[in-house]
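Per-chain numbering from 1; labels A, B, C and D assigned in written order.
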Amino acid sequence: TTQLLNYTTHLADNTLILAQRSSAWCGHGPILEQDIAITNISLDILGQARNFYQYAAQLINQSTNQPINCSTIQPATEDALAYHRDSREFKNCLLVEQENGDWGKTILRLFLFSSYQYLLYEKLQHSNDGQLAAIAAKALKEVAYHVRWSSEWVIRLGDGTGESHQRMVNAIDELWPYIDELFINAGYEEALLEDNIAVDVSALKEKWFEKILPVFNEATLQAPQNMFAKTGGKQGIHSEQLGYILAEMQFMQRAYPNSTW
Amino acid sequence: MQSHQFENRFQQKIDAETKIEPKDWMPDAYRKTLIRQISQHAHSEIVGMLPEGNWISRAPSLKRKAILLAKVQDEAGHGLYLYSACETLGIAREETINDLHSGKAKYSSIFNYPTLTWADIGAIGWLVDGAAILNQVMLCRTSYGPYARAMVRICKEESFHQRQGFDILLTLSNGTEAQKTMCQDAINRWWWPSLMMFGPKDSESTNSDQSMKWKIKRKTNDELRQQFVDMCAEQVKVLNMVLPDKDLQWNAARQHYDFGGIDWNEFWNVVKGNGPCNKERLAARRKAHDDGAWVREAAAAYAAKRANKQEIKAA
Amino acid sequence: TTQLLNYTTHLADNTLILAQRSSAWCGHGPILEQDIAITNISLDILGQARNFYQYAAQLINQSTNQPINCSTIQPATEDALAYHRDSREFKNCLLVEQENGDWGKTILRLFLFSSYQYLLYEKLQHSNDGQLAAIAAKALKEVAYHVRWSSEWVIRLGDGTGESHQRMVNAIDELWPYIDELFINAGYEEALLEDNIAVDVSALKEKWFEKILPVFNEATLQAPQNMFAKTGGKQGIHSEQLGYILAEMQFMQRAYPNSTW
Amino acid sequence: MQSHQFENRFQQKIDAETKIEPKDWMPDAYRKTLIRQISQHAHSEIVGMLPEGNWISRAPSLKRKAILLAKVQDEAGHGLYLYSACETLGIAREETINDLHSGKAKYSSIFNYPTLTWADIGAIGWLVDGAAILNQVMLCRTSYGPYARAMVRICKEESFHQRQGFDILLTLSNGTEAQKTMCQDAINRWWWPSLMMFGPKDSESTNSDQSMKWKIKRKTNDELRQQFVDMCAEQVKVLNMVLPDKDLQWNAARQHYDFGGIDWNEFWNVVKGNGPCNKERLAARRKAHDDGAWVREAAAAYAAKRANKQEIKAA
C-alpha cells in the first residue's frame, strides 16, 4: 500500500504541478478565446489532481502507519498532501514543472504530456485498483480534448510563420530531454505492475511516438534524435524550479496552519 | 423621412419597451453611448481578471483554487459576450482593445486596487461583484437587445460569484483570529471603492439623464448605491464584521441606511490613472497582447495557408 | 513603546526588503566588479536590518504585551520578525519593494533611497533612543558609500549612451511615484517626534532634493514635476509584489517551524 | 639561444622551485595549459555562484542569509583574482568569458547539479569546497607565480567557507527529524559528484604527467581524491551521518579508506553538457552578460566622454 500511495501521489503531483503552471496563463493569454481554453484545461487537470489526492488521503487514513511526511495534518486531506510536502517529496515528472516560456512552449508541453496521459489513462481505466480506474476513466475524455486542442495549436504554430516555427523548434529543443522520464517505470510503478494496478509506462513509448509524429509532421516539425534524458522527478529529485513553485503555491497553508478555508 | 422623425420613432420604440436591434436605426449619440458603455464594461471584465488572478497561484486550498480559476475564466467569457455585443454596433474587437491599451477607453476603477490578502478575493466577490450585479440586473432590461441578452447570461454567473465571495468571507469570519482580522481588513479596504463603482453622484453625473431617457440605464447612480448599502449593511451582520463607516445607520423615515460621505477626490484620482495599480493593470494587459502578437500572426498565417490549399483542391 | 516598536520595525523592514531585492543581483550583475559591489551593499543593508530587528525583538521581549503578531515564536527574535509576519504587517516604504527591473532601475532605487537614508540616519544618530542612535551612527558610514557608489552610476548611465539615458528616464518615471511616501510621517513617527526619538522625515525633503538634483543634473536627467504619489507601505498597505517576495523569503521558516538553522 | 636551451633553463627553474613570472620565457604548452586551467578555475568560481545563489533569497535565517551572501560574493572575488592571473598570460578577460559562453571553455562539472534543499548549501560548503581546497592548497605552491599568489588568497577564504558549510550541516544534524533527513539526503546527492571533482583516474588522465613535471600540479587526481575520502570519512562521524558508499571502510594495511567505484559514465555525461543543469547555468551566465551589455557600453561611453573633457581642459 505504500507503493500504491506513492503511485497515486505521483499521478496527483503530475497533474497539480501542470495545473499550477498552466493556470498562470489565466488573464495573460494571447487571444481571449485561448485564455479561456487554457484555463478550462487547467481546471480539468486540477480536478484530476484533486481526485488523486483525495484517494491518496483516503489510503493514508485507512493505513496504520503514515508513509508520507505530512505529520502536522491529521487526518490526511487533499490539501495536506498538496500544501504540506516539500519538493523532495513531490513525485511529478520533470516535464510538468518546466517554465511556461512562451505560448508555444506551454502548448508543446501540454501536447507532449497529454498525449502521454491519454495513453496512460487509457490503460489505467482497466487497473485492478477500482478507484484509480474510475478516476482515469473520467479523466480520459478531458485528456482527449486536451490532446486535440494542443495538437491543433502545435500544427498552427509549427506551420504558421517563420517566427512561430522557430519558436516551436526551440520549444522542442528545451522540452525533449524530459520525455524519456515519462516512459521509465519508477520503483513504485514496477512494484504495482504484477497486480495490474499501475500501468507499465515503458510499454507506452512506441504508441506515444505514433501519436506525436504525425502531428509533428503536419506541423513541419521534427523530433530530435537521441537527446540526453533528464530524469529524477519521479523519485523526488527535481529541477531548481520546483522549490519556487511550491513556496508560492503553499504560502497560505504554511503561513496559516490549522485553518479552514 | 426626416431625422427628427427617425428620432421620434426610435424614442417611441424605447418607450414601448421594444428592444433596439443592431440593424435598427438609432441616433449616433445612442450608438456612441452604448459603445462607450459596453466596451468599458467588457474591458472591466478583462482587466478585472488581474487582481483576482493574482491569487490563483496562492489560493489556500485546492477547492478554492478551482473555484477561483473558474470564476476568473467566467470573467473572460463575460468579456467575450460584451465584445461581441459591441461588435454589433459596428466596432471591431481589435479596435476596442486598442482603445483600452492606448488609455483612451476606461474600465472600472475598482480594479486599480491591489489584492493584498486572500480575504480580498472574498471581498471582491461579495462587494465588487455585488455592486456589479445591481448594475447588471438593471441592464438585463436595457433598451439595446444584444446588450440586454448578454447581461442576462452574465447575471446568472455573477450572482453565483457573489455567493462564492461571501462564502470565502464567511469561512474566514468563522476561522482563527488571523483569519477574522484578514476578513475585516479586506472589508475595510474594499468598502469605499465599491461604493464608488456606481459612479459620481446623480447631481454630477453628466450622461445620466439621456441614458435614463433611452433606457440604457433604468436607475440612477445614487439609487443603485443606496440599494447596495442597504443590502450590505444587512449581510455584513451575518459575517459578524462591520462596514468601515461610522455614519452608517438605519433611517426609519427614509427606510434606508444613511451612510457617510465618499472621498470623491480619491475617486477622480483613480479614474485619472493615479490609483495604486493603474499602471500595472494596463501594463499587464499590454504585455499579454504584445507577447501574443506572434501567436495571432501565426494563427492567421496558418488559416490563410489552409484556405489557400482548399481553394486549390476545389479548383 | 508600541510606537517605538512600530518605528523600529519600519526601519528594519525598509532595509530587509531592500536587501532582499538587491541581493537578487548576486551572480547576475553586468560586470563582475559591480556584482561584487551590489552584493556588498546588500550585505550592509541586511546587516542594518538585523540590528533593527534585534532591537525590535528586545523591545517585544521586555514588554508585557505583544503588540506584533508573531505569536508562534517565543521569545521574539530577529528571525521571528523577519519570517513570521505577513505582508499587512510589514511597514516598509513602497519604494524598496519595487521590482529590480534592469541595472539602471536598481541603481536609481538605491540612489534615491540611500540618499534619503543618509539624511535619516544623520538625524537618527542623535535620537534620544540610544539603541536607534547607535545603529544609525554605525550605518551612516555604509550609507555614505552607497550614496557615492550609486550616484556615480546614475551619472554614468544618465550621461552614457542614448539607450542608457532613456533607460534612466524610464526608471525615474517608474520610481518617482514612491518618493513622497518617504517624507510623510506615519502615525508611529509622529508619536515619537516630541521625545526626539524618531526623525521628522517631512523635514528631510528639501535637503533630499538638494542631494539628488546636482547628481541628476550631472547625469543630464530631470526630476519629474508633480507626479501623483503612491503611499500606504508604511501602514502595511503594499503593492501586490510584496506577497511574492515574502512567500519566497519566508518559505523555510514557514515550512519548518520551530527549527534552529 | 636555441629553443631547447630555453626549455632546459625553464625546467631548471621549475626544479629549483623558482616561480615563473609573466615576463619570463615559458613553453607555449605551459602557457596554454595554465590558461586552460586558470580560466577553467575562474569560470568555476563564477558559475559556482549560481547553485548557491539559488538559496540566497530563501536562506532560513537572517544570519545564514548574510553568511551565504558573503560567501557567494567571495567566489566572485576569487573569479576576479583568477581572471587577473589569466590576463598575465596574455589573454583578456572578455575573451576568456566569451569562451565560457560559447561552450568552448569548461568549468567544474559539480556546478551542474541542482541545489534542491537548504542542506545542499551545507553540503556544497563541506564537500565541494572541501574538495576544492585540497586542490587549491596544492596550487598555492604551483610553479606559476601569479597563479600561486592568487591561490594563497583564495585558500584562506575557502577554508572559512568549508567550516561554514560544515556548520550548516552540523546544525541540521542536531535539529528536527526533517532537518536530519534533509542533511543526509544532501550528503547522499553531493558525495559522488564531489569525488568526481578530482578528475579522471590517474590512469586515464591525459594532461597529468606533464603538469606534474612542470609543477603546475603537485599531486595526482587519485592522491587528492584519497586524501579527500580519508578526511570526509572521519568528519561525517561528527555529523552522525553516513557517506552513501557501502564499500567505504578503513584499510589498515594502506592506512587509507577504501571506497567504492565512481560512475564515470555519469562524470563524462555531465562534462559533455548533459548534466541536470548545464543548460541552465550557461543560460544564466549568458543572460547576465547580455542583459549587462548596455551597462558596459554606457560605462565605456561615459569614460570616453570624461577623458575627452579632460583632454580639452588640459589643452
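Simple rule for what comes next: contacts are C-beta pairs under 8 Å (C-beta built on N, C-alpha and C of every residue); 3 or more make two chains touch, one makes a residue touch a chain.
Chain labels with UniProt names: B, D = Ring-1,2-phenylacetyl-CoA epoxidase subunit PaaA.
Here the structure is a predicted model, which means the values were calculated and not measured.
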Worksheet entry | Farthest-lying chain, centroid of Cα atoms versus that of chain A | C
Worksheet item: Between chain A and chain D, what is the gap in Å from one C-alpha centre to the other?
Response: 37
Worksheet entry | Inter-centroid spacing, chain C versus chain A (mean Cα positions, whole Å) | 41
Response to the item:
In whole angstrom, the CA-centroid distance of chain B from chain D equals 58
Item to complete: Mind pulling the residue numbers of chain A that touch at least two other chains?
Response: 86, 243, 247-248, 251
Worksheet item: What positions in chain B touch 2 or more of the other chains?
Response: 58, 178
Discussion item. Show me, using the given definition of touch, all chain pairs that touch one another.
Written reply: A-B, A-C, A-D, B-C, C-D
Response to the item:
The answer for chain B against chain A in the complex is residues 46, 49-50, 53, 56-66, 69-70, 72-73, 76-77, 79-80, 83, 118, 168, 171, 174-176, 178-179, 284, 287-289, 291-299, 301-302, 305
Practice prompt. Name, in rising order, each residue of chain A that touches chain D in their complex.
Written response: 69, 86-88, 228, 230, 232, 237-240, 243, 247
Worksheet item: Within the complex, which stretch of chain D touches chain A?
Response: 51, 54, 58, 114-117, 178, 182, 185, 189, 269, 273-274, 276-277, 280
Item to complete: Using the touch rule from the top, collect the residues of chain A that touch chain C in their complex.
Response: 86, 243-244, 246-248, 250-251, 254-255, 257
Discussion item. Quick check on the complex: what are the chain A residues that touch chain B?
Written reply: 16, 20, 23-24, 26-36, 39-40, 42-43, 46-47, 49-50, 53, 78-79, 82-83, 102-104, 155-157, 159-161, 163-164, 167, 248-249, 251-253, 256, 258-261
